[in-house]
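Before any comments, here is the structure.
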């Protein structure tokens, strides 16, 4: 059975009420429910964490080695500012898939650059909660190729 | 039954022999076979075209209106240079999903910018041929949300 | 009798249905009809071509020498990316007038730079189909000054 | 009867003697005579002002509301440096057409950027005094579309 | 009775002893005492927090919705680096006023850019502890205009 | 009794009719009335001037020495282009407070840079006419600290 | 017997009449005659193509594998804009030599950057038609070192 | 007898009291007295003007043709922002010498660029009032070489 | 007896298993053991902390005043992103020495800039765990010079 | 008999042992022997100098006038930093051909810019010692065209 | 009696034959003769050196302390590239005056920046050999003010 | 016995009298004495050279191969401008340690970039003459790890 660590970055707990024109009305609970359903079907165990703290996310990733087969991460705001999360992903030998709800390339200039993308296996952006579902499939695909 | 136009940009016909360290040994025929299998399962009709010509791709997209429900496009080199393809996507009222085999954010600086991304619904990059499969699912998801 | 080559760049065949908030409902047929009417009044012969292909536009310009007295060109997306069209205009000894339907300076940053403008005689932008009519007058004016 | 405010920016009073290789031998008097003739034919009343003062041009535009149907402006040097003239055009509800004698895109780098263009309806550059005549036609066209 | 959340960003607890030539000898206790006195006079309730943790500040703002009528924030160093705090302010429907003790525009180049300012209602900088008092008045003004 | 020079920069006389979505319906007369009322309460004498002329504003500031205790200035468009006003403020020994009606940091890129801010005591932006009232308080605070 | 593919990029068919101050009076026929003579002497077979179409050049290169020992290419305008030609050269396992008639480093700024150079074996620029002759020798040298 | 127009730009009337650490205690009256004494010795007639208005300086230069043999100008703040003064100098056929009291290259970054220098004959900066004296000698030298 | 605060930034706890080609196999425990041995020899007391949290590091530094004679810090990823840590070092009156295991100047572009360096006394980079030993000596040297 | 000055820039004496992956095992003695053989065949006299000193290279070029018909130069590291060598080439009336062993466009960013190229007749890069042989031929071609 | 060290930078020995359109026909001997005549009149002793070597110029300046009252330097090409000469001027306590024959601000972009200017007392550029004469006067003026 | 080449770059001979606020009163003789004492204790032989000449430093490094076990270099001004010294270090197989007396990251912007650092083993900056002592220890450490 595969184990995947799912990390929701800062402010994602506010989904559903937050900037509905950008993010829609989906809540983090719905995303998590969807992910769990899909994981069950794929016989995969998930650990899901939301954190507003860069340091906490760094710690989570740092401890993932040997415990998880892949990381599914929406780094949210930290996508554009966190070298620490980037370094954490480089440091552990666990493949990471980066997902975004919105199409970050259609938003403000500073959101077009991801510090995480160069060290992730791949990136999925713009499909709302479906980004997570696709990301989970991608993560499983990456695990299989490696296994 | 949904209809999706699949566009492979320049040089993708060379896959399998081309820069194997970057793109792997998958050929375009394998990608297409995978896509067709998946499309059949999803009761979706595909039209698949590979072209090295920017103008041809622009024409294909320009004629997609009313004929296709979505476009799945790997613009390859034109990702970084073609305003014409970007404008074609903006011009027709058909949602587009952008896919890339490699993680373009882990490669040369000039590959980090996509002129297409801001007008696509979303982007999937870095999962080899799996990027296309995920892209097809994403396209179907976009069609359903809209339908 | 003066002869003028009119070139419509990529995606302009989609006018009328394309991004109506930016380009209005005018179609390319209406623009062409207007141009022909005006040309007739000015005793000028027009050859009108629309092309999505950069190479085709380069060829058209390359063959214009000795056949046309001026070129009226809306390079559309190629305005911002084509050194080849720029070089073609520099290469032939036929004066070119650049026109744009929309005010390109009020749009995205990358549309503010025209690779064509430095080698054109002048530029007219922002007046919808009227840009073409003014461009035709400008072209005739340039021919007369030279003749 | 339409009323149009024509503004000549700094140094344009020196035309005819000023940098003849760039601007030719046309004088501002000839341009004005041409404009008046054309305006008469089009049953349009013109107020023509030349000013070297940014503040004066700002005031003229500020007072144009309700008195003029359009503004025809050659901002000259202020094209590249005046946010105040830009703001004045945005502030009054009178459409503005920007004209230039020379092809500013074929000159020094700093002349390639116009602070005025994004708030003008459109821009005409490079046709010598003919730029003004075309600009007047464009302004009348803009008025009619709006009327 | 209005409720306002006051957030002091990183290092502000060191005020009074910290770089006295830049920040003066005022302590955070004095600022808070001033704010409380002023709030009492204005019949406003304050919650005042100082935090060195970006994530903690993000959480505070995320929970402000429905509990506070406005946020008064001196993001200090995070002004220039935190997309997460910016996103938190965008995410909750509580107006924010940004204050700075020093004139950030007269200091190092990197302090001239605020990631927070574009999503705040307004900004007050350079008046020492008076910046906070003015900020509180501004926040009350914003609440009243909205109420 | 303190004396404060209030300077309204270019186009501010058009307030109320100018871009109402950005600036609201407040007129300059209302701002001035508010300022006078507040000044009276604070036993302060005001001289209020509006000018579209950079040179005039430079002269006003140049003559302020010894006549005024502080300057309250909304440099409007000159905020972003006038080294001359900056130098005037540096040249006289009268503290200046910079105010803006709108949140300049939430607008076009070129409005994010103030040439005036580095030489002003502080800056207040984004609170509509309340910016002026807060600015007047700030100016009085600056005078007191110095006095 | 070695086989070399010679590609002339856009507008090179216009040589001899095109911008004689930059390119001289040599025609493409003269260049080709010279190349054939030299190839004969070196017992080398040439295929020579001129194309204005980026896509056509991409196709030509894509098919070169196994058929040609080297490519001699003057990408002309596409030197500065074509990632697709760059990718085609990277994709096939045929060494490419880049040549230019003029000294591109002594011309406009945008001509100083070649997207092709990093993937070519080497570059020869500035010697008029002699650039081609030297390029052919260089290509043969590269083939020999490899063979 | 040679005639030279001396122009002092904005804020130079404040010399002596203005930023004494940068500009010293010399007043504009002393500079003018020095210049007059030197001019008398050199049998040269001076017209000396100080203006805070960009437009006024443009007008002065515009009228200099045929009346003055050279212009000695300290454009002060307008050095860095005025295309209009630059264009005025280009427009009239009167050689201009640019002078600065302070070493502008040892001050803020934005003072390192002079829009005037490219069209002036030469530049003298950093020697306090001696810059003017040297500038007058340089202007006479330029006149003699030309005469 | 001198007291030095040693701070290991984010991800340094992963040393030994993390990117061995960049960082080698040394573990943080070995570094600490080395530092303690050296400190003992130099009669210095160390407090050693590793943290992934920017805010925690800020707090540690903020409390160092009066308790420690120097700070030895490897800010790791925060070197390039943390204004807050920079401000903390500026705020307390305790000299800081910055160390890095790897030669940050031979790595990715974004690692070439240290926000910490300008406020540290000095920097030592590239000598693996020896960087710490040299840093401790440097810190003691700084303390002695000051003492 | 033609005379050509051959200049090897800094560090080229180390060839053969220096960075063999970039430069191969060819020594400067081999290059010189090749050049002499070729020169003999072409009845050309060579003077060959290697220097690590920018000033020495400047002097050599400065004295070349009237003594040499062409200069063949590999400026090595000075390619990217020496305005003095550029000016020397501009100053003497002797055509220069620039050669490089490696493909400088495929290396570090700072090596993509040549200060020498704009004043050389042409440039040959990337063919190892063959670059010199081709360069010699190019130099003789340039001499003949001129002679 | 004052002693002044005059330094002519690289290539200045070629004056008179070098790029006559930029530098005229004046030779370095004429400049030196002029300077000596002027120095004699001013009872000043000169040491005049021309060098193509950056290091030699650095040494000359390094030894100037206590031997010369001022340095008159035309750094020529080193103006734009030499931090070493800049540091030498900063290191010795001898005031330096920077002169240029041509108007460096009217030439190529890279010549607009002087590394020397920020540490020189002042700069004189554009007056041909007269620049030196004015520079000598300026140097004497600087000495007197200091003495 | 290890042999280390110590190189002092330009102007370092002036230490002690040069900019005492930046560099202190230490002389190069004191630094050398310290280094010799330390070298003796470590049974290491030093060759110490100071040079103002870039070319000389390049030569010294070029000849270090096989003669020295490490290079200890303070490139001073050449740190920021010399590709030639960088290439020399890359060319020889002798590890280099870069030292600086001052904290170059706390000085002018152009001093923040070192061309040498990417090819050195490591860098030590900011500890005055102690930088050299630490550098010597670092060099010995590097030698031992390699030996």
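Should a chain be cited, it is by its letter among A, B, C, D, E, F, G, H, I, J, K and L, assigned in written order, with residues numbered from 1 in that chain.
Note that a contact is a pair of C-beta atoms (placed from the backbone, for glycine too) under 8 Å apart; a residue touches a chain by one contact, two chains touch by 3 or more.
Note that this is a predicted model, so its numbers are computed, not measured.
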Joint neighbours of subunit J and subunit E, given as chain labels: none
Note down the smallest number of touching-chain steps it takes to go from subunit K to subunit L. 1
Mutual neighbours - chains that touch subunit B and subunit C alike: G
Contact counts by the stated rule: is the higher one at E-F or E-I? E-F
Could you classify the subunit G-subunit J contact as same or different, where same means more than half of all interface residue numbers appear on both copies? same
Interface copy of K-L among B-C, G-J or E-F, judged by whether over half of the contact pairs recur: B-C
Using CA atom averages as chain centres, what separation in Å is found between subunit D and subunit J? 54
Centre-to-centre distance between subunit L and subunit I (centres being mean Cα positions), rounded to whole Å: 23
Need the CA-centroid distance for the pair subunit F / subunit G, whole Å please. 63
Residue list for subunit A, restricted to those that touch at least two other chains: 53-56, 81
Could you list each pair of chains that touch one another? A-B, A-E, A-I, B-C, B-G, C-D, C-G, D-F, D-H, E-F, E-I, F-H, G-J, H-K, I-L, J-K, J-L, K-L
In the complex with subunit G, residue positions of subunit C that touch it: 53-56, 58-59, 62, 65, 81-84, 86-88, 90-93, 115
For subunit B, which residues count as touching subunit G in their complex? 9-11, 13-14, 17-19, 51-56, 76-78, 80-81, 110
So, in the complex, the side of subunit A touching subunit B is made of residues 103, 105-106, 112-114, 117-127, 130-131, 134, 137-138, 141-142
